[in-house]
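Note that chain A is present in both complexes that follow, paired respectively with chain B and with chain C.
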Partner chain A sequence: MSKEKTKMIHIQIDGKSLEVREGTSVLEAALQAGIEIPHLCYHPAFPSEGSCRMCLVEIEGRPDLELACSFPVKDGMKVSTQSEEVTKARKNMLEFLLAEHPLDCPICDKAGECKLQDYYEQYGFFESRFEEKKEKKEKKVEIGKTLLLDQERCILCTRCIRFLKEITGTRELGLFNRGVHTGVNIYEGNPVENNYSGNLVDICPVGAITDKDFRFQTRNWFLGSGPSICPLCGRGCNIDIEYHPGFPHFPVPKRVYRIGPRENHRVNGYWICDYGRYHYSYIDEDRQEQIVDNKKEKLDSWERVLDFLKERIKKLYYMNKTSRIAVLTSSWLSNEELFLIRKIFQEDLNVEKIFLTDPLPGEEDNLLLTPERSPNSKGASQMGLNFKELDLNKLAERTEVLLMFGSHITEHFATAQTQEAIGGIETKVLLNPHISDLNSLMDVVLPTCVIAEKEGTLTNVKGLVQPFSPVFEAKGHCRPEWEVLVNLAKKLALNFRYYSPFTSVKPIFKKMQKEIGFFGTKK
Partner chain B sequence: MEEKVLTKNFGVKNSHRIDVYLERGGYQAVQKALQMDPDKILEEVKAANLRGRGGAGFPAGVKLGFVPKEVEKPKYLCANADEGEPGTFKDRYIMTHDPHLLIEGMIIISYCVGIHKAYVYIRGEYEHIAQQLEKALSEAYDKNYLGQNILNSGFDLDVFIHRGAGAYICGEETGLLESLEGKRGYPRLKPPFPAAIGLFQCPTVINNVETLSNIPQVILKGAQWFVNKGLPKDGGTRIFSVSGMVEKPGVYECPVGTSLKDIIYEYAGGLKEGKKLKAVIPGGLSAPILKPDEIDVPMDFDSLMEAGSMLGSASVMVIDQEKPILDVLRVISDFYSHESCGQCTPCRIGNSWINKIIHRLYREKGKKEDLDKIIRLASNMKGKTLCPLGDAAALPILSLTQKFREELETYTES
Partner chain C sequence: MSPEYSDQTKKKVEEVISHYPKKEAALLPVLHLTQREFGKISKEEEALVADFLNIKPIQVREAVTFYSMIHQKEMGKYHIQVCRNLSCTLMGAGTLIDYLKDKLNIEPGETTPDHKFSLSTVECLGACEQAPCMMVNFDYYGHLDKKKIDQILDDLE
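The block that comes next holds the complex of A and B.
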C-alpha cells in the first residue's frame, strides 16, 4: 500500500506536463505546479467536501466537468482549467454565490484578502442579474470571545465547522435550517471556546467570521507583513506579523495589528494558538526605548554604557575576582545570544554565577501550546551553560557586578525581596525590551529588542533550530542583545580575533555549530 | 394488463399478519434461499434484470456485485422507505398491506451479501406504518425468520427501524446514511459509493422498498419468469402511483413497459369528467413533463429516457387543461427550493433564485427575459451539483418552461 502511494505518474494540466504523486487530487497537483484553480471549500487540512463547486475542470474523456478538489489524478490524464466550458461554469458559480451575497465590501474587514472578491475580479466581472429580494440573516452573532459571525456573508463552505471537528474536536459550530436559509451558528449558549478559535478567521475564505481584535482597526492593504517565530511558548510556531508602517503625516497608534500562522508542517501546520495570536501587545506596549541612567553618570549612549561596563568588569578581571560577577540569562534570548554569554562569561571570564530566569510555566494544551512560556528553553538547555540554581542570596553574595537579561525574575520573587537582596551590589545593569518594576532597582537599564526586531535562531521544544529575522526596525535606543554582547567582548579585548568577525548573526551561528555539538548535528 | 404478483396480497383480510402471509405462501423464498449458495442468489438477481424502483433504475444485481466480498468490517443493508418523491405512494402500500414481503426480501439480500444488521429508513410521516412494521418484525422474530440462527441455517440477522424527520434529501442514499448515523442529512461526495464505503464507513446495500419486495418472487419463481413479466433489460412489474385529475387515482401494478396512455385511460379511468389532458409527469416530480401527444410511450427506463423524460419512481401525475401551468411550475419550484439541503452552491442558490422569480410573476407582470433567466439558471444548475437533487429540480423546470413557454408568456409583458 505505502509503496503504491509514493508512485509517481504523469499528467497534463493546460498542456503543461507534470509529474505527480499518485493519489493526489487534480487540485493539489495543480497547486503544487503553481497553476491556480479557484476553490473555496477545499482546505488542505481536511478531506474535501465538494460543496462550493468552484473548482470544476474539464478532464479528457469525462462527459461532465469534474471537481478538481476530489478527482484523483491518473496516469496520462489531461486536464483543462481554462476551457470555455470551465470558465463558463466558474462564472456561473460565482454568479450564484454573489446573488445572495450582501455587497458589504466597503465595510468588510476581509475586503482586499477575500477569495470571493478576488475570484470575481479574476473570473467574474458580470453585471448583477439578481432582481429579487435577498435573504435576511443574522449579521452579528457573537460566536466566541473574539469572534463575530455574519451569516449573510457566509458562503457555507463549512471550513469553520470542519476545523472544529477535525482539528480541535470541540465541534462548537453547526449548520441550522435548510436550503437557502441554511446558516452556520453555535448551539445555543455554547460559544466557540478553545485555544485555536482565531484560526477560524483565517480559514474563512470570506468576511463571515471576523476578529473583534482586528475589526475596523485598519484596512488590511495598509499592512506590511513579515515572517517571524512566535516567542510565547516553546513550540516556536511560524507566524506572520502584520504591521502598519505608518502614514507620512498621520501617526498610527501601534505597529502590530495582527498575527497569523505561517504554514510549516514540521512545527505548527496551518495553525497557531489564540494565546500566541492575541498576546502581541508586548511588541508595542510598555517598551523600554531609552537608556535609563539612575546613577546620573551621563550614561546616555551605548558607547558610554559599554565603556562603563568595561571598566567594572576589567577591574574585577585583573584582580582575578570575576567570581564577583553574576549573570542572569533567560531563554527569551536567541541561541546566538546564549552562546555569546557562554563564551564571554563562562569561558573567557570564568564567571560561575550564571542563572536562568524564565517565565513561570503555564497551561499546555494537546495541540501546540507548551507549558514553557519562552521560545528557547531547549536551546538554553543545550548550550552547555552551567546554570546555578536560582537563589537570591547566592546571586547577591559578594557580587559586585550584576548583569540581568530580561525581567522574568519578577515572576519568581517579589520586587521588594529582590531589592533587598541585590540592593548592596555596586553595579546593577538590566538589559530588557520592556519597562518593568526592576527599573528603579537598577543603576542602568538598557533597551533591547524583541524577537520581531532582531535576527537569530531559536530551538523549539522538539529540538528544531529555526531562524528568524527582523520584521521591522527597533525603535529608540533599542539594540539586539547579541550586538551588545559582541561589542562588550570587543571592548574587553578578550580575544579580538575571535569576536571581530561577529558583525552579524550568521558567523556567530557558524561558530556555535562548530563548538556546540547539538547545533552541529542538528544543523 | 394489470398484473397482480407483487400486490397479490393487497386487499386480503389481515394480509399484514404473519399467519395470513404464511398461509399465502410467505417465507418460502427465505427457506429456499437459505439452502442456496449466496453466489447463486446473486446470479439469479443479476439475471432477473431487476432495476431499482427508487428512481435511478440501477440494476439491483449489479449493485449487489459491487459489495466487496472479503472484508473485515461488518456490512449493512438499508431499505429506503423514505418515499419522498412527490406523487409516489407505492412503498406505503407494500408496507401497510404486505410488510412481511419487504422483510423477506431483506432477509434474502442480507444472506446473499453476508449482512447481519439491516435498517429500514422510513419517512417520519409514516408513523402508523412504522408501528405496523415494528409488529411485523416481532412476528418474524417470534417465528425465527429474524434473529439468531435463522431456521437453523446458522445465519443471523437483526432488522431495525429508523424514522426520518421529514426531509426529501434523506431519501437520497448518502443523505440517508448520514441521517441514519445521526447527522444532518447532507449527501456525500461520490465516489466512494455506499457499496464500498457506506453506513459507518462500512460496505452498505441500499435499495428501495419495492426493489427489495421483488426479491422473494425472483428466488421462488426464477429470473426467467421475472424477465418474462417485464422486458428483457427491465424485468418484472411495477407499482404505478397514479394521481391528479383522473377518475380513479391509486396504485396499479402493471408489467414494465405498459403504455403510459393505458395506465391513464385504461386503469385509472381516464380524466375526470369533462376534463381535458394538458400534461403528464410520468415518473415523480423530478421527471420532465410530457405533453398529450407524447404519452404513447412504454413505461420502462429506456423508453422514457428516449422520450426525454424518466420513469423514476413510476409516479404518474395527470394535469388537466384548467390547471394554470404557472401553478405547476410553482409547485415544482416550491418543493425543490424548500427541500434543497443547502450544501452545494448551485442547488442552494439556483433553486431559491428561480423560486423567487416565479413568485414575482404572481405579484406583477414579468419580462420575457424572466423566462430566459429561469432556463439559464436551471441549465447552470444542471450537471453541476453535488447530488442528483440539483438535476431533479433542473430537468422538470427546464422541460416545463420550454414546452409551455407560450402560456407562461401570458404572465410577462408583451
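The block that comes next holds the complex of A and C.
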C-alpha cells in the first residue's frame, strides 16, 4: 500500500451508502461491499478489459449504461445494479455471448461451476432466436501438457491471454483472426509451457480451457472442499483441496480430485504452481494405513507400541544413557510437532543425536516454487533444535533406540547403505504417512497423517506462520505426529503436568509462542 | 533461410520504430514495409518483425490475422479486390465477381497458378459513387462492367 493516505469517497450502490478508496472501479467497490455484479472478463489480478460487457450498470447522470469494471467511482455517485434497464442489458449481452456458444453443458466439464451457465439461470432464460448455423471451430486443441482448449465454448474474455502476459510473461496464447472467426490459440504448435499453466483452467469463466487431469473424472458438484496449505515446497501456498466424500453404495477410487489456489495476498495471490497442483497423489496413494510389526511382539496397537517405546526409552533414561537415542526429524512436520520433539527429546531426555532429513532441494522458479521441497524448513530452523550433521555412522554409533519421522533419508542414502548402518540398532521405529523401502528395516512402522489430515501450523520461507486444519479424516489407523508425541510424553511421565493440557494443537502453539522467541514475536 | 531486410528497408524500419515511444507500437507500419519487401508475412517474416520490435512472434501473428491487408501467403502480381458491399452489389457486383471467377478460373482468396492474379472480395472501398468498383493493387477502377474488366485485365502485363 502506498504511504500517501488514499482519499476515501462516498458512493451509493443500490441505495447502500459505501465508503470506498478513490480510484477503485464501480465493480470493485460493489464486490468489496458484497454486491454481486455479473462479470466474466474482469479478474482482480489484471487491469480491466471490458470485453464481455456483462457488468453494465446504471449510473445517475450518465446517458448510457456504463461498464462497472472500468468506470472509476466518483464522490456522490449513485449506481443501480438491479434496475430494469440493467437486467434487460444483461439478458441481451447473454444472448450475444450464447449466440455462438455450443450449449453442450451436459457434456462440459465446467458445468456446475460455469459463470456463463450461472448468469443464464439468473438473468437469461430466453428462447434462442438464432436461426443461423453456429461457427465451427476447433473443439479439442492441446494447448498444454494438461490443458485442452475448446474454441467454440470460448467467449473471448482473454483472461488466459492476460494471465500469460501479466503473470508469467510467457505469452503462449494469442487471439487470432477477426469477428466471428476470432479464436484463442497457441503459436505454431508451441504449447503453454510454464509452471503456472493450471491456473488457466481456474480463471477460464467458461468450459473453454479444461484440465486433462480432472476432466471427466467426476462432476464438480459431488466434490467437497476444504482449506489447507500446500506442503510441496517452502512457499506455503494457500490451497483448497477438493475431495469426493463418496457415494453411499458406490466406492470412489480416491479422495482428492483437484487442488486449487485459495486467495492470500501475503503468500500466493490468486495462484498456485503446477508442481503443487498436480502432485497431490501423495495424499491418497502408497499410504501407510496400518501399524507394521516386524518384531512380531504383538505391537499391533498404538497403545502397545507406545508402551513398548516408553519401556525402551525409560530404561536408557534411568541408566543415564539417553545419548543412545537417535531422532530423525523432518521439516514435513508442523511447528508444534518439532516443538514437542525439542521438548521431549532435546530438553527432557537430553538426546544429542537429533538429525534433520529433508527431501533433496528441487528446481525453483521466480514466482512461487521454492527449492525446498518441504513445507516447514523455516520452522525447523527456528525451533532451536541442535541438529547434527546427517551421517549414518554417527547416527548408528552406539544407538539403541532410533525414532525416525518420515522416510526422506532414502533420498540421501541408498537403502542398502542405511540398512547396513542401522541394522545393529536394537529398536527402530518409523513414523511415516507413506509406505517406503524402509518398512522392512524397521521393527515397527507407525502410520501418520499427511498435512491434509491433521492440525497445526507451518512456517513458510518468508517466516509467515500459517495454521492448517484437517480437510478430511485420517486414513486407516493414521494418527497425527503431535498426538503420538504427546501420548509418548505422558507415558514417559517425566513432566506430566507440562504435557497434560496438550489435548489439541492450540495449547501446544501457545506454549511454543511463550518459549520460542521466533514464534512469540510473530503475529 | 530466414529473410533479411534490404539495407533500404532496414533503414526505413528503424526510422519508423524511432517515431514511437515503445518499439511494439510500430508494428503496423513495420508490417506494411515488410510486406512491401517480401510480398507476404509468413512465419519467417513474423520472426523477423518480432525480432526488430523486441516482441514475441505470436504478437505479430495476432495483428497479421486481424488485418485483411496483411497477407500470410504471397499474392499474385496483380491483386484484384472487388467490392461486394451494398452500393456495389446493387449495381451488379455479384455478377462481376462471378465473371472474374470464371475468367480467372479461381475462387476469391485464391491466386492463379501463374501467380499473375489474386482475387479477393472486400467490404466497401469507399468509392460508392463509382459503384461497382474494384482495386487492382493500389489503383481504383469504377463503373465496371464485363467489357471494362476484360479491357483492364488485358492491359495488365
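What we mean here is this: the second predicted complex is superposed on the first by the 518 of 523 C-alpha atoms of A that agree within 3 Å, B and C clash if a C-alpha of one lies under 4 Å from a C-alpha of the other, contacts with A are read in each partner's own complex, and residues count from 1 in each chain.
Convention: a contact is a pair of C-beta atoms (placed from the backbone, for glycine too) under 8 Å apart; a residue touches a chain by one contact, two chains touch by 3 or more.
This one's a predicted model, so the numbers in the text were calculated from it and none came from an experiment.
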Query: Which term applies to chain B and chain C once both are placed on chain A by superposition, clash or fit?
result: clash
- request: Mind working out whether A:123 is in touch with chain B, chain C, both or neither, as first, second, both or neither?
  value: neither
- request: Using the superposition on chain A described above, determine whether A:175 touches chain B (first), chain C (second), both, or neither.
  value: both
- request: Considering only touches as defined above, state whether A:270 meets chain B (first), chain C (second), both or neither.
  value: neither
Query: After superposition on the shared chain, which partner residues are touched by A:49: those of chain B (first), chain C (second), both, or neither?
result: first
Query: Of chain B and chain C, which one contacts the greater number of residues in chain A?
result: B
- prompt: Touching A:155 in the superposition: chain B (first), chain C (second), both, neither?
  reply: first
Task: In the overlay, answer first, second, both or neither for which of chain B and chain C A:97 touches.
output: first
Query: Which chain A residues lie in the overlap of the chain B contact set and the chain C contact set?
result: 174-175, 177-178
Query: For chain B, which residues are in contact with chain A within the complex?
result: 167, 184, 189, 337-346, 348-353, 356-357, 360, 373, 380, 383-386
Field: Of chain A, residues touching chain B in the complex
entry: 48-54, 56, 64-65, 67, 70, 89, 92-93, 95-97, 99-100, 129-133, 135, 155-156, 174-175, 177-182
Message: Which stretch or stretches of chain A touch chain C in the complex?
response: 171-178, 186-188
Task: Would you mind writing out the residues of chain C in touch with chain A in their complex?
output: 43, 56-59, 61-62, 65-66, 68
